[in-house]
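Below is one structure, written out as structure tokens; the observations come after it.
As written, the chains take the letters A, B, C and D, and residue 1 is the first residue of each chain.
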Amino acid sequence: MDFLGTKIVVRYAETDQMGVAHHSVYPIWYEAARTEYIKAFGMSYSQMEQMGIMLPLVELSSRYIRPAHYEDELKVTVSVRLLTRVKIEFYYEVWNQKGELINTGTTLHAWTDLNLKPMNLQKKFPEIYALLLEAQEKGREKA
Amino acid sequence: MDFLGTKIVVRYAETDQMGVAHHSVYPIWYEAARTEYIKAFGMSYSQMEQMGIMLPLVELSSRYIRPAHYEDELKVTVSVRLLTRVKIEFYYEVWNQKGELINTGTTLHAWTDLNLKPMNLQKKFPEIYALLLEAQEKGREKA
Amino acid sequence: MDFLGTKIVVRYAETDQMGVAHHSVYPIWYEAARTEYIKAFGMSYSQMEQMGIMLPLVELSSRYIRPAHYEDELKVTVSVRLLTRVKIEFYYEVWNQKGELINTGTTLHAWTDLNLKPMNLQKKFPEIYALLLEAQEKGREKA
Amino acid sequence: MDFLGTKIVVRYAETDQMGVAHHSVYPIWYEAARTEYIKAFGMSYSQMEQMGIMLPLVELSSRYIRPAHYEDELKVTVSVRLLTRVKIEFYYEVWNQKGELINTGTTLHAWTDLNLKPMNLQKKFPEIYALLLEAQEKGREKA
């Protein structure tokens, strides 16, 4: 597993009349990066949903350090910051093409079934839980 | 049934760096107006989906006459322009607070079941078909 | 000044394949409510921008308590939680038509000029600062 | 100049409760592809805006042939279908990873200055006009 971040090119529609990427777009970029991050494990979030695992958002936080502009080429990195049987927290960094950190964020998710009822991931899907635990460990070693 | 149009206030997030509402937002406004239009019949599109009726888009067209700006108070009108057993076409007009027509558009939809397979609405849901036929007639009388 | 909250009807485009309003939409609803809140003072955010005041986001947080669904009629309330010469923090609550609190959030903004350079609001626009200070006080009395 | 299309991975936020990419997202994909298409000429749309050229949308059309799903890897191709001194029309095709054509569309744009006033591109920016004329020719040869 080797995830070096997702490349995002800022879309025109993502800018606002301030001339910068609108703040509501960053959670969507986090999500795109999270999708690729999970894919880097050999799973896909689509498959997880088909298996009956949902991952609705419980908490979101974001810090806006520098603006992003149309056509900027950004890199969004992801790591697992917290993993328990009932929830998982991801941490994100958004970097621009000049090597500047422009945004950091977190998303906290609950493991649920298809009816959005809370679920014990370790009990229901021990292999996936083990895989994510491993990812978290690797993230720690790097840090 | 008396539908006078849906009020839309242009959101900051809907603007782009040109300082106007981005063109991709108009289909979303059409949809908001379509939702209220259907509600004006005493149904709701949510109920239609629960009954097993889907209305995916097949064709979209839009003409941009004047720009819309942040905080503009727009009115979106809807009428049924075409109704057959397998499809329905809506026509939209977007007016601003100065009484100027700023955009017109059409959306063509297919009647389908929950698996997005085409469906004969008149056969499966004759009451709804009759209701829409009546709406189309009323729209014609006005015009 | 009497602001009772902004009414939001959940748009189809705002839902995702989980069948609920996507989490990235809530910051946009906060913004729509903030726009109306400022308007309730007899100003408008458009005018503020024309005067040379920008209010870019510095921090965002959001807690998702219950999901929102298509066609739900939500109410978003706003209050000023913190006001200094260089920044302002708003607090939001999102309520559904059943009277359930479904989301809370905060947005922290910097006062800047049109080039997004920090600005001392009290020095540059003392009347607006005074107005907001008053709003904050009123909010406190209610709480 | 060699433009083979823009790769788009369908984002979760782009899906709706029908379980497919929402129709309002396609114009945004067209725009992302248009951005890369222009870049393939050695210009960038950002630079064009800095030179004083705007390209607001005048007409949009889209045909939805097959749905797109979350995580689908799409390719969006672009060509110039019409070029005059005052306007330009682009044509798009969206293909999925199975090699199926899922959508086609057109966008008609006016050449304007920064105040959105119509502009004769050939007169004001003859080099850019020549470049686009060449692109249109190459597109024709391929077809």
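Methods note: contacts are C-beta pairs under 8 Å (C-beta built on N, C-alpha and C of every residue); 3 or more make two chains touch, one makes a residue touch a chain.
Because the structure is a prediction, the values reported are computed rather than measured.
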{"item": "If a chain touches chain A and chain D alike, it appears here", "value": "B, C"}
{"item": "Of all other chains, the one whose Cα centre sits farthest from chain C", "value": "D"}
{"item": "Interface with more contacting C-beta pairs, comparing A-B to B-D", "value": "B-D"}
{"item": "Centre distance in Å when chain B and chain D are each reduced to the mean of their C-alpha atoms", "value": "25"}
{"item": "Separation of mean Cα positions, chain B and chain A [Å, integer]", "value": "34"}
{"item": "Touching two or more other chains - residues of chain A", "value": "12-13, 17-18, 20, 24, 27-28, 31, 70"}
{"item": "Residues of chain C that touch chain D when the two form their complex", "value": "12-13, 15-20, 22, 24, 70"}
{"item": "Residues of chain A touching chain C in the complex", "value": "17-18, 20, 23-25, 27-28, 31, 49, 54, 56-64, 67, 116"}
{"item": "Residues on chain C engaged by chain B in the complex (per definition of touch)", "value": "9, 11-13, 27-28, 31-32, 35-36, 39, 44-46, 69-71"}
